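The next part holds the structures, each set out as structure tokens.
Each of the next two complexes has subunit A plus one other chain: subunit B in the first, subunit C in the second.
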Partner chain A sequence: MRTGRMAIAALIVLAALALLPFGSGEYVLGLLTLAFYFAVFAMSWDLLFGFAGEVNFGPSFLTGIGAYAAGLLNHYAHWPIWACVAVGAVAAVVAGVVLAIPALKLRGPYFGLVTLVAVLMLQNIITLFAGITGGEIGLDLPDVLSIDGATNYWIALAFMGISGAVLFGLSRSAAGLILQAAGQDAIQAAALGFNVAKHKLAAFCVSALFSGLSGAMLVFYMGTVSVGTVVDIAVGVQVIIAAVLGGRRTILGAAIGAVFLIVAGEILRPLGQLSTFVVSGVALAVILFFPGGFLGSFGRRRA
Partner chain B sequence: MTALLEVAGLTKRFGGLVAVKEMGFSIAAGEILGLIGPNGSGKSTVMKLIMGIERPNAGSVRLDGVEVAGWPTHRIARQGVGLVFQHSRPLHRQTVLENIKLALLPDSLTRLFADRHIDARAREIAARVSLGGVVDRLPATLPFADLRRLELARAIARNPRVVLVDEPFAGLTKHEVADFSALIASFRAEGHAVLLVDHNVKGVAALVDRVLAMYLGEPIAEGSAEEVMRNETVRRVYLGGAIETAARPEAAATGRARLLSVENLGVLYGKAQALDGVELHVGEGEFVSVVGLNGAGKTTLFNAISGLVPHTGTVSWRGETLAGRTPAAIARGGIVQCPESRELFGDMSVRENLDLGGQHFTREESAKQLEWLFELFPILQSRGSQAARTLSGGEQQMLAIARALMMRPKLLILDEPTLGLAPVILEQLSRALERLRQTTDITVLLGEQNVIFALPHADRVYVLEHARIVWEGPPGKFAEEAGAAYL
Partner chain C sequence: MRPLQIVIDGFAISSLYAMGAIGFTLIFGVSGVLNLSHGAIMVVAAVVAWAAAGSFGAGPYLGALAGVVAGFVTALATYFIVVRPIQTSRAIPREEKEIFVLTGTLLWGIMLQEAVAHFFTSNPKTVLPLIAGVIDIAGERTSINKLVTAAISLAAIGLLWLLVNRTRRGKVLLAASINPRGLTLLGFELSGVYLQVWAIYGVLAGIAGVLLGAFLGVSSDNVGQLTASAFSIVVLGGLGSVTGSLAAAYVVGYLETLTAYLIAPSIRTVPVLLLLVLVVYVRPQGLLGRR
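On to the complex of A and B.
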């Protein structure tokens, strides 16, 4: 079965990645750690876009809420990391629901536009209350996950593995099938007796939960929370490109796309400003010529 | 017999348009009711109102005594109403079996694994609709009829007490129609109430217990299929009272030069045969009408002639084949199509729309053409500076025709100009066409489902049915030779 084979392949890759700290330096580990958190952003986004059929143009709204809720709590109240992360995740879900309930009632491109505006508002609020949030510069956090690169790497890898397993399993479940039907043809799904709004809202909550978790964990890896890393529109665009690049409706493809984007950006860093251009060019070419993305094209060739 | 579905006083307005007005009917358990009406009569809206896809402005829909009008679709579905869509839209990444399983799932967020029995049940249903051999294939690899079977399978899976079927036989071959009829009849045998929605009585006559005909949102006749076919009002709606024909005497002359000839034309839309072996010709200065119900293939025929859809067979213009020419080159060659959807530029004024049509000509030529058009359609002159979207439906249609005429076509193709227009507007439009015919030597190819409109001007008539030309002849012979088949 395809699903089974994909899951086994993913497990093998994860096992290989787990051994990496024994043979490579801090630099590579640090890069991949960042990429793994990023991968969770992209996988959460694919659940919404690929399955619920809703384009969330503001994935960084959810990650940003999670990151800042966790960061502020830690900075001002000195709560332990695990509590801050939990609150960050819950905050992202709550903010997501507040946003999604009215937005999902809209048809066509308006859901996407609402999510886009939400990011801009969040970004504005953070800059406006710079006294509390640290504004453009960001906020230093007293706690970090670990000062050891390998430990950080393993935490991120495990987190990505668990998130991926949950999201992938969900997408292949009975509830995931209904979600996919709701995303592709809402009227037909409703005529089959499914409450489309309920399923889409649930998908949004799950997406928000993992985005928030990942955002919160990321700031405790970096030891700082700033607009540029978790809220900026550009971050959201990267998440979207990663997911589309990896392959829509595959969940696992989104993770591959995210790692590719981060690693490629780093390898091309010597090109300076040009690196972004080259990476974007590659992404554009893949989207134009292989709209199925990395995993989509692979799956089609086999079929 | 007690009614399973009872509809009363059902009314739906879209803005100022009353799409459904005080509709009422009931269907008993184990009964099939055919709801028929020409395009735009509101029958699909009735179906959507029952299913909750549209919310009624007034009226009641009772399902086994429970009032469901105004409920959201998924609740009505769970209460026991199923809809077989005309166009099948399966999940493309899932197999046929998974698509059927979907319909068997409960509406649950927490159900991660389907129950064991669901697999067996899905296979059972697949076998019942003759999909047993293809359950592991992806929908994209299935022929058209099998996709429709999949649609039926999903309805069976929900086991609804009331089944609504939208145009059950559209695009199917004779053999497949028999198969589907048997499946639908089995719903009846199991005590379901069935509503069949279709364009004409003929298609569903063999299957239905009763027929309800509607026109312009209102019921006009109810009874057995034979009774409804004999009904005077129904005949008038479909055929016109006494069909007046006014073929020009010279039209009888066969010595006209062939302007357009279509030979063995075939068009496939995915897996549906939209046109099959169509032969048609139009002589210079002739007015030819192609009549056929919605879905018969009229628009496809015109699009094939205009080079807008890929086709097999040949289309030749003045003896030369049009194969390989772009739609723009064909239009410049003199074939101008005035599409069903009108395609006006809504925010531009009437004058601007017309000027766009005449932009290939010099200013003087263009002005002359405009003057002639204002003579033909005086209303357009007084509306000159008004935005096109603010015109009434009839005025928009006149503008669309006028814009097409601005391009000085040799052959003007009019696709369903009467669509959605009130009878009084039809008369105005009809007069304009008559003037056009008498004052110019323009060649016209008109596609219509409204026979009353299509026949009076025509020199010759073709009847298109299920992708094929089934009759050709002078309008005077239409009523006796082809009229009955058209109901």
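On to the complex of A and C.
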């Protein structure tokens, strides 16, 4: 019942957003385009944390692998965009599996730690091989998705819509329920005959797939790959904040949180350094006083 | 290559890391909290010491004192504003408190970092050393400040050891880190223990921040890196194990110094990260972890 209502509400919002390019300027569109890719980062993170109960501190490891795999291929081999994006997504899944198989054996904070270290390693590797990767400055890409703001906006919106639908659908499916059970009590879920490790690994792969896709698409929107935009710990931190802020275990909330973070950061930009202070303060207040997040408290009031 | 220089530098930085990490691990051991605003608290202490000693003309000693007090106050503020409300909240399910504390302290750390950058800019600042000048050790010119750093760190660690092992109050802390539920059954109020641990942590983080500011200089941009290094040390040594953190601090400090001197300063953290991954995979409970 609630699932249906949420899906309908999401469709209405998407439809309204699709009409936006007819009534607003390039600036707003550019901002929202960025926010939509970011929303996919946050939704994939929520699938892993909210449902599988695994805290991934390094979401930017997966987005970074996807982004750099796609970017390097395009820069050096001049492959077409779609092929680079596909390879980026596959690379993120492969890297995710390599990371997850040993890491998922660990419990509690250790899984989170391994994922955190993975990001730091990736960041160090990219900076060390600056001759190939462009290091801190980044790598320019010969191809971009489109030079038209509205087209870019629609591509990002469609991508977010499809990713959101798949992730949301997955979270409400039987597999999503098993994941949720495994996240809350792994031993009991295993005793009921479910292969917890297999389901968690699958969740990690799906999360990696969408993170990688989104990372790769994002670099072709921006025309450049750099550590600061897709790999840095700060990026991962923002993803986590977005998902918790929007309401964990809701998938759609993560998208709302991501758009809120990006837009709020931009509106407060005149405050300079204090803008980050204010955004973090608001996020902290939400966590302390409305732990369910935007969507969580909204849903409870309606119920 | 100067072996003695590596030994001295490594010892000073390791002792400093040890003091920073011990407070961090103590809080985890007693209350299960991983405080991700750790780096920010250290930076606040260092910057306050710098400002008090320089801009307000308090001199190095009063300045250092002001810095330690600032670290103490900030740590208690972290506890009362962020950690305690999450721990006592009824709206947050128990199994999710961990992620809430992590996210909450992380956000709080970012707020502190931005506040420092706003009021004092993010330029690197070097705190006035307590004792200036250089001394000659076996033909090696060493700044006295390095020795002071190591001496104060070791003294603070020693005092903490005495407190934990030789006083009744300290034994309560130790008991709380081994079995909190058992302690409540004996009639001790856990919230009082938590407050004490945070107070001790605040003093340690304050001293560590001020010394770091005098040794290497700090900027608000170092916050993340400082937290990450404390986190790695604590995990390497075993979460919650004070002895383990102590040993790990020296491993990390020397490994970093060796890398910086023998290979290149730009990759000084890479071997530590590799070691960390290895330890977490092979022995996830850390070098001396209990669990």
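What we mean here is this: the second predicted complex is superposed on the first by the 303 of 303 C-alpha atoms of A that agree within 3 Å, B and C clash if a C-alpha of one lies under 4 Å from a C-alpha of the other, contacts with A are read in each partner's own complex, and residues count from 1 in each chain.
We take it that a contact is a pair of C-beta atoms (placed from the backbone, for glycine too) under 8 Å apart; a residue touches a chain by one contact, two chains touch by 3 or more.
All values reported here derive from a predicted model rather than from experimental measurement.
For the composite obtained by superposing both complexes on subunit A, the positions of subunit B and subunit C are in clash. By the touch criterion defined above, A:69 lies against neither subunit B nor subunit C after alignment on the C-alpha atoms of chain A.
In the overlay built on the shared chain, the residue A:155 is in contact with neither subunit B nor subunit C. In the superposed model, A:184 makes contact with both subunit B and subunit C.
Between subunit B and subunit C, it is C that contacts the larger number of residues in subunit A.
When the two structures are aligned on the shared chain, A:174 is found in touch with subunit B, with no touch to subunit C.
In the overlay built on the shared chain, the residue A:252 is in contact with neither subunit B nor subunit C.
Looking at the shared chain after the overlay, A:233 reaches subunit C, while subunit B stays out of its contact range. Look at A:55: by the touch rule set out above, it reaches subunit C but stays clear of subunit B. Among 225-233, 315-323, 351-359 or 369-377, the region of subunit B with C-alpha atoms clashing against subunit C is 351-359. In the superposition on chain A, the residues of subunit A contacting both subunit B and subunit C are 184. The part of subunit C that touches subunit A in the complex is made up of residues 34, 82, 85-86, 89, 91-92, 95-96, 98-100, 102-104, 106-108, 110-111, 114-115, 117-118, 224, 228, 231-232, 235, 239, 266-267, 269-270, 273-274, 276-277, 280-281, 284.
Against subunit B, the residues of subunit A that register as touching in their complex are 169-170, 173-175, 177-178, 180-181, 184-185, 187-196, 198-199, 202, 249, 303. Interface of subunit B with subunit A (complex): residues 51-53, 72-74, 77-78, 82-83, 85, 89, 91, 93-94, 98, 101-103, 105, 107-114, 138, 154, 158. Subunit A meets subunit C in the complex at residues 49, 53, 55, 102, 106-110, 112-114, 116-117, 120-121, 124, 127-128, 184, 233-234, 237, 240-241, 244, 248, 272-274, 276-277, 280-281, 283-284, 287-288, 290-292.
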